[in-house]
Each structure stands twice: as structure tokens, then as C-alpha cells.
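The same chain A turns up in both complexes below, where it pairs with chain B and then with chain C.
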Partner chain A sequence: MAETDGATASVEPLSTPSTDATSVSATAKPPPETQESIWLRRSVIVSFWLVVVLLGLPVWWKTTAIYRAELPLETMGAWAESKVCQPAFPLKVAVEAPIPAQDAQHLLRDTQHSLDELNDFSAHRLSLLLADAPFVANASQQIVTDGIAVDVSHDEDIALSVRLVPVETGHTPRSLLQPYSPRLDVYYGPSQLPTAASTGSPLATYIAEELHKLFGEEQALLAHLLSKTPGPRAPVAKRLSSGIIAELEHRSTRALKYAPTYHLTFSLFTPINIPSDWDIESALQRYMSPFLDSLTGIHNFTIDTQVQLYSGYTPTVRPEFDEQSKSWTLRKEDLSGFINAAEWPLTPSIGAGPTVNFVLYVPDRSQSPLVVKETGGNSWLVPQWGGVVILNPTEADEAAPAIMTREALAPAMHTFSTQLMSLLGLPQSPGCLPLRISTLVRVRAASLLFSASSTLGALARLYNALPSIPIPDKVAKSVDLTTEHLQLACDSLKEGRFHSALEHARVAEAEAEKAFFERSMVGQVYFPDEHKVAVYLPLLGPVAVPLIMAALKELQTTIRNFKARRSS
Partner chain B sequence: MAIDRQKALIFGAAVAVRLLLFTTFPSLPNLLAGRVEVSTPVTSFKRLQEGLFLYKHNVSPYDGGVYYQAPLLLPLFSLLPDPSYFPFASNVLYTAVDSLGAYALMQIADSMQAVTPRLFKSSRKDLRWSSVAVAAGYLFNPFTVATCVARSTSALSTLFILVAIAKASQGAGITFVFALSIASYLSMHPILLFPPLLLLCYDVRASKAKSAPSASRFAVSHTAGLAAACGLLLYLSYLLTGSWEFLQSTYGVRLLLPDLTPNVGLWWYFFIEMFDSFREFFLGVFWLHVASYAPGLTLRLRKQPLFAAATLTGIFAIFTPYPSIADAALYLSLLPLFRHLFPLMRYSFLAAAAILYASFLGPAFYHLWIYAGSGNANFFYAITLVWSLGLSVIVGDSLYAALRDEFDVERPELRGKEVKRI
Partner chain C sequence: MLLLLLLSVFNAVIASVAPRSDYHERLLLRPLPQSALLASFNFRSNETSTAFEQQNFRHFPRSLGQILQHAHTKELHLRFSWGRWDADSWGQMPWNGAREGGTGVELWAWVEAGNEEEAFARWLTLTNALSGLFCASLNFVDATNTVRPVMSFRPEGDHTNASRLHLLHGSLPHEVVCTENLTPFLKLLPCKGKAGISSLLSGHKLFDASWQTMSIDVRPVCEKGGECSVEIEQGVDMALDIERSKRPQDNPIPRPLPISEIACDTSKRYNSHDSCFPLATTADPAWSLQDIFGRPLKGACPLTDTSPDLGYSVCINVPQERNITVHPEGQYSESRSTSPELRCYKPPRNTDFDLHLPSQALPTPLTHPTPPLFASRSINGHGQERGSIRAVIRNPSPTSSIEFSYLESLPWFMKPYLHTLRARIVGSPEDPVKEMYYRPAVDRKRGTHLELHMLLPPSSTLILTYDFDKAILRYTEYPPDANRGFDAPPAVIRVLASSETMGREQDRKGIYVRTTSLLLPLPTPDFSMPYNVIILTSTVMALAFGNIFNLLVRRFVGFDEVAGRGGLVGILRAKIQRLK
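Then we have the complex of A and B:
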């Protein structure tokens, strides 16, 4: 290297021969260096060291420093331990009563009282409101609306409206839950209205019990969710029997992870060449769209379909012929292997969201009807993946239609929508779809809230556990956004605005995931400090050795000279 | 007037050779312009044409991410007719650049600063080549010719470095500072030549004048002049392009090495293999390594500032991020000024063999890697290592020879004896 020459070269004679005129003695001893050359050498060494110290060290410090953005660790930990937010689910139930306001108020108070007595889950509370009763507005009675009365039709945060209908005949009180609108009709006899003097009328108790029953499953779901998160929530959560917990666990393992968008894939498989087409578009339009539309607030869906001819199920699955029922039967163990993963083109995922697969299998006529042995059913659900329906050709159409009509697809479509409900985690009761969907909104909002909080906690632990990973500003920004939206979601929950709570919780969850899975953070996780020796040494070693040796030698001579001068 | 006849002959022959090459092999310039040994991303003529096209169409020349050269080259080359249709004008320009460089080299040789600087009289001062011979060594060096034919813009930097050295060795302070600032403006690293050349200029001025001028005033005024000239050039560039973003695309590229096109230097391979998180650190280390030679050599060779400057150009040819054979050509043309050191050099054969070996096998190995596909990057990198080794041997050996020469003056009685370093 030229450097060593430049830095330390000072040329001295080899052992001088005795014939040399200048040599004083025969022993080889270099003549003393001139003062000038000593200073020259020192200044050269100092100049190299100055470059190293004044420029090299700052460069080293600057370029190898790991940038760690400040994270609000306290807040993140508090969220993860659920100290910040005690989620509450105050549900509004509107009551329409064709009776004078005074009486209605009285009834409301009684009902509320018995409801509160029934309820053992303080985070989830039903509160009754008196609504306008439009259907009696033109009656002779004058309705006095006071401050509590609300306009039911314009408030989507009203969970349920209860309509009181006076009837003369039949068993009273009785109730009817509308299947496609969130309304409970309660029929009562005139004598069952509470009087001003009495407390606790049978009608009030009846309504309270009905309401409690309706929201029983939702309470169980939420309580189960709350019990799984850490933090001081024990008194809030209500006790659930182990049977219910097992059932809820089972259901939650079946359901898909929450995603804003799902891709639905409908596939028709047949081992032969018929049916070669299906009227899927109009069938979806007719049987699927109404259900999907009602879910728009929670999920978006994209749909694609395919027809695959000559694609049999997995060859190792062999159905047996059952003489009794004259049908081919699949054993329960076969169902898991039925899907021919090797040959059926079922893509695992298209785009960002997860894919839900729905398989319609039309067996060969020689092997039909094909049913499940144990239950005699023809459909099953694959947890977190999708559903399968075997559609046996009916005996009637001997002509074997090449095209499946919309009507022929109807039963399969009904099964598919039921399977989709389970896959989305929709509760199974009550028998009113809007109510179940609004339950889903609350459950999803709460679970997203908890999962975003626990992601924050995990990020905070990661931050502390791995001091060598860089934390870019992006992560800090995402964390700030997450906590902000978590707070908004929590506030919305407490105020009973569940749709906006879901919206905020969704943003919080997305940001938390983005912060946790930031790519540039993990680059150096598997790069231990020992490896840095291997990085630095090969280049810096050869450069450093002459520098250090020269400096040491100079120091040594200086000290020796100093000592010699002091001793003399 | 034998000297003048010789001069005319040499220059005439050099111009003729260049123009002949341009006209008889019209595809040669483009072939050479595409060779990685001759054209680096920061000097390539093809990239210059791309920048020129954007500039002529009123688009920022740095938008395409192709052009990394100084902005002031653009108006200069836009004066010339389009080189793809009328290459003659640019051919003449590059030929003239080479001839002017040779003329500057002659001035350096004539100034005798190589053998007899102010503070030091070499004991072998009679052993020297004539200025014409030195100029011929520059003009007919195949590396210089290849650079000229490839129309690489490093020919311009070489010219301005040579002019700066020539003016410094004549004691012409203002032109020296201006030429050096243009060279630094074009390719940044020549700024490191300032300390030795400043000393050279000072020595010449001191020996010419009756009393030496004040050293500190001399240094301060010339440093300020350099800063002002560089600032002026940068400001002109700013006016030309309308923003300061050219800094990022010119000096930023040289400092941060975003373009890892192979070249004859040592950086590209190293930074391809580099862990991303250490990239900045090693960029700093490599640049400091280059820069750290300047003060050390200047101090050690205080008595021979011209030799210190020449050695620094050799170090640039080895250790800068985008070296090409043009940098080696500059160093190898400055070396004949020190003919008196040649007898003291011990590894001339080894160095010459390594340089020749690398010059012939380099293109072959590059072909094997890129075109034939039967080799890989290590083939070419190995040959660039040999090339750099050859140059380092010359640098180290000549440095040894210069120090030995100094020692001989100090202790004349030991002349010709075996020595060793202790």
C-alpha cells in the first residue's frame, strides 16, 4: 500500500560495512535522525490520524446509528392492557305505543326496570326510548311528543324498535319478530297495560324478558370476547357456562379473519361434460345479492365464477353404495379430502382480501345421488375456506340439461348463503337478519378494537426487546393514527354509534398492522453484533494496523526520550 | 529550430492519428464510448448526448436519471452540430483538447519543477526527458487516444488538471486557481490536488521573487479564490438549470454511488456485495480513504510538491468511485516528468507487466462475462484488481524512489547503497 510508504517511510542504511568512511564503529547503528525528519514523520502521522478522528469517527457515528423514532410506549401499553378504554355497548330500543304518552312513559319505566334487573352484563345495556307512533298519528288521540321521543326511521343506531299492537283476540301478550326488519311486534290485551298506580305490570315484564332473550346470544358473544382480553374487566364480564364457551370457540375457529373485502369464488365442478353451463349470474343476482347488499356497512364483496368440466373429486375418496337408501354415500372422514386440491384451480387468494370458495359439485348420473353417510345431507362447510354443495341431478329430468337454470341452483344458493353467514361469523339467533347483522357490527368493532390494541402492545414489547432494530418515522405515524382511531372507536362505542365505531376500529387495525409489519424494521433483526466484526475487519484492519503501529511507535520514542531527559 | 520542428511533427502526427481514426473507422467512437473501461456513468459521451437532447427540448437534463455530468457542459456541446450527423466538429474539439493538454504538459516539463523544485535539488537532475518527449508520451499513449476517440468528458477534466499544474508550476496564481476550479467542477475529486499545487505555486513564486511572499496570506487569498471560482461555476449552473437539483445528480452520484455499472475501479463490486445497512458507512470509509492521502502526501513530500500532485492523480486512478483508463492515462503521462527516479524504481517490470496483462485481458474477460456468458462478474473484477495492483505498484515504487532520491541528497555518502526501511 502506498499509504504505509507515505506515512512511515524513512530510509535508513542497512548494516554499514566497516570500510565505510563514516562508520564510527563496526556495530551497525543507524545515525540519529535529524530533528526535521522527526517532525516531518510526526506531522504525517498526525495528519492521517486527524482525518480518521475528525472525519472518520463522525461518519462512522452518523452512518451506523440506528434511527429509532419515539413511540408512545406508555399509551401503547395502556391500550394493550385495556386500561384506556372500557368498551360499552349501550343499545337503543325504540318503543312505539298507541297509548297516551303518560301511560307509555310509565310502561317504559317499568320495562326498563325489569330489563335492568334481568341484565347481568353491565357493559351491554338496553335502553328504551319512546318513539313517535306514525301509524296512530291520524287517530283521534293526540300524541304529545316530549324530549325522549325520537324519529325511528332516520336513526340507524336504533338497534330494534318495539311496536305495541292492541288486539282483542288470541293469547296475549304474544310477540312476533319481523325477519327482515329490526322490529318486534308485541300484541297485548287492553287489560295488560299498567295502570298509573300499580308497579310491575305483566306486559312490562313480558317485553323485558323477550328483549333479554333476543340479545342473549349477542351478550354471550361480547362477554366471550371481553373475557379473552387482558385487563381489569373481570367484574364487567358476565359468567358464561363452559358449554357456551366451547360453542363460541368452535364458531370463531370456523369464521374467517375480518377483512374489509372478501372475494367470493363460485365454482361448478363436474366429472363429465354436463352440465356445461349454469345461470349463475341471475342466480347470484336473485339469491345472493340481497344478503350481500345488507352487509355493505361491514364488508365489500367481489365475485367471480368458473365452470370446470371433467374434474372429479380426489380419486382416493371412494363413495360406497348404500342398498337401503339406494344412494352413494361419502363417509365423514372423506369430506376433508373431497376437494381435489391438486387439480381444481381454486386460487388461494386474489388481490388483497381473502378468498371464500363455494364449490358446487354435480356428480355423474351413475354415481348419484351422492350424500354424506352419517347425516344424509349433501353439503358441508370447510372452516375458514368456504363451502361445498353436492347437487344431485333429479330423477325427473332424464334429458340431463346441459344448462343449470336459476331455479335448479336455488337450493345450492340458499346453502351457500347460510355457509357464508357462518364464515362471516354472523350469530345464529335471533331469527331477524338485520338484528344479526347489527350484532355482527358490534362484535366486529369490539374484536377489531381488541386486536389493534394487542398489536400495539406487541409492537411496544418488540421496541423494548430488540434495541438494535431501526424504527422509521412511518411507524411512529401509524402508531399515532392507531391510537387516535382507537380512541374515536371507543368513544363511538360508548355513544352507541356502532357503524362509526366499526369504521374507526377498522382504520386502527389496518394502521396497527402496517406499523407492526413495517419492512425496514426487520432487516437487521437477524444480524447479530458479532457479524459486525466480520464486516469491519477485512477492510479496516489492514488500514488500521499501520496507523496504530506508527502512532504507538512514535509514542514509545517520545516517552523514552522524555524519561532519558529526566534521568540525565 | 530543431525543437520547433519536432514539436510541429509531434503535434501534427497526434492530430493526424486522431482524425484518421475518427474518419477511417466511423464506428470506432461509438464502440469505445460503450466500453466500460473507457466510459463511466459520470463521463460517458452517450449519456452526455442524452442530457443534451433533454436540454435542447427544455426538459431538465437530470430528469431521465441517465445524465450525471456537469450542467455547463450542455451549452458548450449544444453549440456544436449534432454529433450523430456531423461528428467532425466534436472530433476536432476533442483533438484540440488533447493537443492543449500536451502543450500544458510541455510547460510543466519546461518549468523544471519536477527535478529542481525550490527546496530540493535532485542529485540526478541531469537525467530527464525533453518536453517534446514527455508530450509525445501523452499524445501517443493508447489510453489517451482511446479516451479521445471515445469522446469521454474525462478528457476535459484531464486537460484542466494539466493546465492547473502547468500554471502552478509557472507561478500564475489566478489561472491556476481557475483551471483547478473548473477541473473540480467537472469531476469533484481534483479539489484534493489543491494543497500540493498551492505549495508548488508558492514555491515557484517564492523562487522568482526576491523575497518570499507571506505564506498565510498567499494560502488564504488562493483558497478564497478557489472558493469564489467554484461558487461562480455552481451559481452559473444554477442559473442554467433553474434549480439546485443538479448537485444531487452530479456530485451526489459521485459521492453516493447509485450507479453500479462496472468500471476499472474497486468500488462497484464491493458495493454490489455490501449489506444495505452498512452502505453509507463504507461510502464514508472509501471516500475518506481517498481524501486522507492528500494531507499526508503533501506533508511528506513538502520538498517536491509536483511529485505529490502527480502521485495523488495516481491514487485517484485507483481509488475513486468511477475511474477509467483516462485517469490512468493522466498519471502515466505525468510520470515521465520524473525520469530521474526511474533508475531507483525496483518493480518497473512487474508493474508494466501487470498493466499490460490487465489491458489485454480486461476486455476479453468483460466479453466472457457479459456477451459470451461463460464467465461471471468475478472474472472482470479479478482483472480490475490486477489493473489496480499494477497502478499501486507504480505509485508505491515511485514514492519509494522519490524518498530515496531525497535521502541521497541528505546523505550523499550512502548513494547507491542497499537500504531498508526501519
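Then we have the complex of A and C:
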């Protein structure tokens, strides 16, 4: 209403001097604006700006915002820096002694004491406990064996059982480690038992030293693992010499990443057409199955085999003939290129889990024997991939057997199982397979724990570093599961339940990987904000220009008026 | 007829050989009219089913075996084909259509599963895995181009629990078959193209053929005694143009012969020293394996059976009078046991082997058996909105009527009207359709599945027509080459009633005829449209906003009341005034 009034008022003076408009133009002035119309114009501009700022911008913000679920960043960081969990490895060692309980307790206390003195790695502690076997005064070996076998099989968390056997003859004390059961037999003379009065006996010291030696490699492995993770761990870790560190480092780069299932592929390659068949089924049954069965608690295995004829090694590899040894030699540099990736059908098996390839290569008779130049050996290990064995045809079977027998395969199978051991990260000592496997359980549990924690840390860093990626709720859920299972794994470790620790660490690792590699997180990175602005610029530009100009002009007048009023 | 009998005898010989040998391969060469040559490669190997279950692979390729086990697939048929088989002049297909596919990629399989959802999930696993193995876009086989045929396919193998098997069929007519599919195909063979007939296969020649098809068939085979095995049969069939294949690799451009080398028709009145009407050559052209395939055969694959009466892996089907020279001389054995028109050779080991056929005029050319049916299919109509399909099927036999099933699997954006479906026999009021199975399409979910069971009387022609609508796709559903059109897969015709000449093996494999694929033009939008719309709308909105805003905010004053009126022009005018 006021606007129209102002307009008519301003038009009126125009009608009278219209005839000589050019001459009087310099003198004519618009009537002063009414306060009302100025106020109205300002309120129009302000209301437009309010709509833009209060409605437009929030709507724009809301509709183009990326959903980012809340992640417990601090907890994640704490796990990554190992502030939450201090893993410990309390090992239980059962001692079976055919002596009265009181004496046995005494011996135990002494041994424990000297064991603790020997130990310089506080996170890894052996604790002795007395196996409640029936006391047999005149113990014969059989009875004791029966008694302890039942007892130990009940508790899989008992790492080792020590059985004391009194003997009359021979050098004492001496010990014998059973190769296929976690048992250490210690033979002692009757005089070596500690008496109630004495502190420290040669037998106790001997047992402590033996135990310390047995678990030496495991301690080194764990200490090495701990030292690689960040956080306040320096006082816990024991000092390792640089030689040992290099050796452990070397071994860990060879070992495969932990997976619940491994697919083993055994392949026979030959550049010609013989041998065209092998008795692999019974060879595997005989040489591989026992070892694989003993690992069932940690890994599952699937096995497949294939025969590939007319498959030579990579053509660029050229063995040289060595006159001295009358053999064809491969240089060390050639070994890495030996696998003919272009032609050998070594595709990974279908299904979750990595594939371990074992290649048996039978060279052409014209190029045999084929050996490695530097060592004269015929097998090598490809880190994190598998192993290769060259099986040279022997002179005896000149008749070119089309089928390789189980006996002919035996040396290759032994090599393959050794290669599989190092690929799985099995420690090299002690000479008792169950002990090595239980060491593997602890090492794997710890390494999974650390790797899951560091994945969590990486996810937290990613969250902070890339504000433009969406984080779905699934990721938050996985992170929660991971931390929960990490805590459980850590508690299990501290309580000495290593199998359940491995189980929880495995779940935690899987969930952490799932969260980190969530597919929908990468989608929006390729659709930046600049792009959206560019598409809508034809709208935003023409709308923004009058709005800004009007606001500026109005501000200018206000300031000028204000100055004019001040000066007057 | 004689030749048909001969061919079936030949197939029977091969079939009887199969269980005894673990690996078997055969190449059949047969000259076709118009100086074409059919080369039919066949490779077959077995694996006992216990070894297959335990994943101990010997001749069976491990990669494929693992895929089949992972996807619970009991029987698999995969075809890669390109080109057109000219049935009118070449006659019957080499395997009666049982091993030849339609244009593009075709896949059907029997998947073991408890219910349909599970079967489909496993089917997707299978297609994705095969896509990786064969470097083909098989992963694009999804619900929209998968059908479950009811009549057209029967399992070839011996299955124990048939009730849990689900048949699924998918095809990709647009897929171009090329060298990257041949390389993995050759890798599956035990001799890998290094020895045996597979050493003749090269991408240059195979994909230069007028028609070629690669097939892989896996099926369980059980003997009467109960011993079961898994059989894989791989095949490559091609119709080569002899003249074209003989062009040297380094000079592949065809050039006219000098006039002195052409036989001219001197009876033409314009015949002179520089103009010539060439006479049709009656003689069969000269060729050798080296000419045709670019390389000789590199000796026999040693895995084939070595007993004296077996291992004849190269066969050539030519009239008795045709001269053939074999290289190297004396190191091969020849057999003509099955028929005088079929000569088979056992190539030597580790030595190149070649056949030379000189140019020769033959008194009696080879007769080619007529196929059981001739079929063609085309799209009629005009415009962007609707069209119609017309399929013409002809029974050439003067005596016997033919019963067949006709399977049509159409993409969802081609929407047929079933009430317009007309099937009539030319010159007869009889209705040929005996049974019909129809599953309508659901937009973006599944395609149309139409299966007809029809009977065609002797020497008659059937015309099948129906109308369809063309759907308009969403912006993102168009492929990059949208203006090329969309491919509709070939129709699959299976001859149902078995003729008396058909052996048991052929009966299991079936006799098939496939039409060509169709190119369907769909309305395609201008693909810059969304940006144009955004920009245009934005401009209109900005204009409207600017006007209203200015009306509300501007102050209107008299023309003469404006200080410094007229902007730049006004200032200039004032300066000029001052100068005056």
C-alpha cells in the first residue's frame, strides 16, 4: 500500500514539466522517500535473506550431507596404541611326581622360584602346578602314563606336562621330550630330590633350565611381536639380539597371513607329456594328512590337485649346464621368475581363505638333473605363496614311467610339509609337534589381536582424514563387535585360555577388516561438492547477484545516512 | 540320406570309444560349397566322479571343476558363437545343432538346489565365476535374461537325484567372441595347443571364419555297472573361407588376379584382351592344413589312446577320388574303415603333420544332408513405438511331419502381446500349436519366456507372428552404444520326435536349430538432456526471481528526477553538452 503511494507521489511531478524535460532535468529531484517505504524495502531484503539463510542453506546442507555414523574414536585409538590391553601369556605346566604330596609341593616351589629367576620376560610366565595323579610309591612307567594321559587330555590349556621318573642307573638328571605329545620326561636319581630343609636342589634347577630352554623360541617370538606394536610396552618386552630379530623378521615375512581356512593346491607340471599321472591321493593320505590333522584346532584345509602337461617354466629363465656336476643349474635370480604365471593355471581356489600352491616340476630328460646353482638343492619356498620342488627323473627309470608312484613322491611330499610349516609360521623348535602347535596358537592369537587393533586405529585415522566419505551404521556395529571381541580375547589370554583367545581374536580381526573395507564408504569420494555447485550454478548465480547487490546498496545508503546525520 | 547314416555311424564309433579312453580328440574336415571348409574340433576327457569330488584333477581342468563344485552344477553347456551357418547351401550343422550355439554367448546348466531361490543364487555364482574364467561378460546374465525352459532342453548326463536339479538358461546375444575367450579355452585342454589337433587353433584364423562356435559341455556319465565319471567335451567348429584363409598374413588385402590367370568366358561379345567375364571354377580349390590354419599340426597329443586301431584323430570327409598327399610320408597310418568317403589319419608324435589337397575337378561332388528344419526370424514394422516378430519355419522333408519346441526368451523391454500371436501353416487351416508355455515379463525384473510345442506337416511352411511394444528405458539403463540398438537372443528350436536314423547318443544330445539374433532399435534420448533441463529450468527460475525481487525492492521515480540519469550514456551526453 505504502509502496504504491510512494510511486504515485513520485510520478506526479513528472506530468507537468514533461514538455521541456531535457532542460529542467538537472534541477528536478525525487521527493524524499517516506520512512514507511524505506522500512518496507529493508524488510523485503531482510526477509529474502532470512529465507535463504534459515531455510535454503539448511535444506541444502541437509540434502547433500553424508551420513557418518558415530564411531568410538577414542576407544579405537586406545586399542591401536595398545593402551587397553596388556597381553600376558601365563602358561600352565603340570608336574607329575611319584613322591608324597608334601615333597612334591616343595620341589614345585623350588622349581618355580628358579624358573622366575631365569625369566626376563614378565608377560610370558610359566606357572607350575601339581597334577593330581595317584600317588604310587613304586611307580612303574605304565601306571604313571595312564594316570597322566587322562588328566592332561581334559585340559587343553595345560601347555606341557613334566613327568618325573625315578631311575637308578644312568646319568641323572636327564630329560626326554616326547615328539608327538606335550610331555617332558625327567629322570632323576633318588638323592636329587630336595629335602624339606634345603632350599634349591639340583633337580629343581635342572627342571627350570630345561623348561626355560623349551620355551625360549616362543618367548622370542612373542617378545618380537610385542616390540613391533606401539604403546607403553618397552619395559615388558625382553631384549633380543639383532640377529634373532632379523631371523624372526625374515620368518614372519615368509609366513602367510592368518586365515581360518587354507586351500592347498598340489600341481604337477612338466614341459613334456610324461609323467601324465601321479598317485597323489595315497601320497597325500600317507605324508600330509597326519600333519594337517594335528593342526585342525587352528586351521582347516581343503586340498586339490592337478596335472598339467606341456607346461614349461617361464621361457626367460635359462638354466646353464654345469660341466663339473653334470647338471643344469638355475641361478638364484631365476628362482623368482620360475613360476610361469602366464601359462600355469594356478588361479586361487574359490571360497574364503588364501590358496597355498605346491608345485612339483618334473623337467624334461634332456634338461635333467635341474638344480639350484648356489646350493645344489632342488626346492625353494615362495614367501606367502607356496613352494616349488623340482623332481628330477632318476636314471633307473629310463623307461619313462607315465605314473609317479607314492614312493617316488615321498621326498617331494616331505619337502612340501616342511614348506607348509614355515608358511604357516610354525616355530622351528622344540622338537615336539604339539608344543610347537600350541606355541603357534599363542603367537597367532597375539598377532591377530595386534592386527585387529591396528586396523581399528587405521579406521579411526581414515574417519578423521576423509570427512567426505560416508560411514554407514554397519561400520559402527562392526567396530563395536571388534572391540568387544578384542576385550574377550585379551581376557582369555590373561587367563591362559589360548584357544578361546584365538577364537575371539579371529572374530575381532574379521570384523575389523569388514569395517575397514566396507564398500559403500568409497562411493561418494568421486562426487565432490564442487561438482554439485557447478551443476546448479545457473540457478545460484542469477539468484545470488540481485540479492547481494540489493543488500550492499542498502547497506551503503544506511552508512551514508548515518555519516550524514553524524556530521550534521 | 546315406551320408546322414554315415555321419551317425561315425558318431556312434566315437561314442563307443569314449569310455575306454581318458582323453580323446578328433578333427573333422569337410569341404562345403562355395569354397568353404568345415573344421570341426572335438576334445573329450573323463574324470572319475570320486576323483572329481576329492578335487584330484588329471585331465579335467581344475579351474572349471572347482567352479562347478562351488556352484553345485551337475551339468553345464556353454557356447560362444559368431557368424551365421548358411543352412541353405551348407546343409545340416556338424553336430545337428547339439554343440552349436546361437549368436553371442549361451549358457545353460542343471544346478542342484533345494528350492528356486537357492538355485538362482548358485546360478549367479556360476555365471560370475565363468565370466572370470573365460574373460566374457557372463556376469551380465541376471534375472532379466535367465529363463527356465520346460520343453527345449533335456539333461544329457545320467543324474541320480533329478528332482533337486534346476535348469537355468541364459544368453548374451551382444557378446562378441574373440581371442581372449579362445586363450582360456585352450588352457583347459590337456595338450594346451602344444600338440595334437589343438595346435592348429589360432585366434587369427578362428575369428576370421564365416561362422565359428566354441562349446564346453560337462555331464556326469554312469556306466551300467555303477561306475560314474564326469565327462568334459570341448569343441570348436568353424566354417572357413578357403580363399580368404589362404591369403598370406603379411599381405592380407585381396587383389585381383592378372587377367592372364583368369579363365574367361570367350562366348561373351565384350570379351577382349582387357575385359573378361570369369568362368565359374568347377574344380575344388587346393589347400593344405598349413594354408588354412597358418601352421602345421605339431604331432599327435600323446594322451590319446595309443592302441593300434585308435587314435585316428584327423579325419577328412571328401569324395573317394580326391587326391591327398600326406606329410611327412610314411610316418602316419590311414584308415578308411567306416566309409570310403571318410579318411582318418593317425599323426606321428613330435613331428609336424600336414595334408595337401591339390586343385582337382571332381565328377561327383559331396552331397550335404539337409537339416530337419529351416528357420528364420525377423522384426517387422516401423517407428519407435511398436513392431512385430515374424518367424518362418520350413519342413523340407516330403514324407515325415516334424514335432518341435520353439523357445523364445525376450528381454523385458520388448513386450509381446500374446493375443496377437498367430501361427499358421501356409495353405492349410490346421493349427500347428499343440501346447504353449508363457511367462510374462516383469519390468526390470525378468524377461518374457515363451515356449511353443508345434507340429509341422511334411513339406510345409509355418509362419509365426506376434506384435510387441518397445519400452522406453531409464536414462541410466542405456548402454554406451545405445543408438546401435539392442540384441534379442536367438530362438531355440528343438526337434522333439526322434527320427529312426537318430542314434541313442544323438537322441540324448538332441537336434537343434537356432535362428539368428535380432537387432531391436529402441527410442534413444539425447543423453545431454538432464544437464540441459537443469540449466534451462534454473535460468527460467532465476529470471522469475529477479523480476519479482526487483519489483519489490526498486524505487520508481520520475525520468527527470534521476541524478546522473542514463548511466554511461548520460555521463557521455553531459560531457558533450559541456563541450558545446
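The working rule: the second predicted complex is superposed on the first by the 449 of 568 C-alpha atoms of A that agree within 3 Å, B and C clash if a C-alpha of one lies under 4 Å from a C-alpha of the other, contacts with A are read in each partner's own complex, and residues count from 1 in each chain.
The rule is short, and it goes like this: contacts are C-beta pairs under 8 Å (C-beta built on N, C-alpha and C of every residue); 3 or more make two chains touch, one makes a residue touch a chain.
Predicted model only: the values in this text are computed from it and were never measured.
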With both complexes overlaid on chain A, does A:D304 touch chain B (first), chain C (second), both or neither?
second
Of the partners chain B and chain C, which touch A:P345 in the superposed model: first, second, both, neither?
second
Contacts for A:A550 in the overlay, against chain B (first) and chain C (second): which applies, first, second, both or neither?
second
If you stack the two complexes on chain A, which partner ends up touching A:V44: first (chain B), second (chain C), both, or neither?
both
Determine, under the contact definition given at the top, whether A:F321 touches first (chain B), second (chain C), both, or neither.
neither
A:L539 contacts which: chain B (first), chain C (second), both, neither?
both
Counting only touches as set out at the top, which of chain B and chain C does A:F562 meet: first, second, both, neither?
neither
Looking at the overlay, does A:D277 come into contact with chain B only (first), chain C only (second), both, or neither?
second
State whether chain B or chain C is in contact with more residues of chain A in the superposed arrangement.
C
For chain A, which residues lie in the overlap of the chain B contacts and the chain C contacts?
6-7, 10-11, 13-14, 21, 30, 44, 48, 535, 539, 543
Mind listing the chain C positions that touch chain A in their complex?
51, 54-59, 61-63, 66-67, 70, 129, 133, 187, 190-192, 194-195, 301-303, 531, 534-535, 537-539, 541-543, 545-546, 549-550, 552-553, 555-563, 565
Mind listing the chain B positions that touch chain A in their complex?
275-278, 280-285, 288-289, 291-293, 295-297, 299-300, 302, 311, 315, 392, 395-396, 399-400, 403-404, 407, 410-411, 413-414, 417-422
What residues of chain A sit close enough to touch chain C in their complex?
6-7, 10-11, 13-14, 17, 21, 24-25, 28-30, 33, 37, 41, 44-45, 48, 265, 273-274, 276-277, 280-281, 302-307, 309-311, 343, 345, 347, 349-351, 535-536, 538-539, 541-543, 546-547, 550
Chain A residues touching chain B - in the complex, by the definition given at the top:
1-3, 5-14, 20-22, 30, 34, 40, 43-44, 47-48, 50-52, 55-56, 59-60, 62-64, 523-524, 527, 535, 539-540, 543
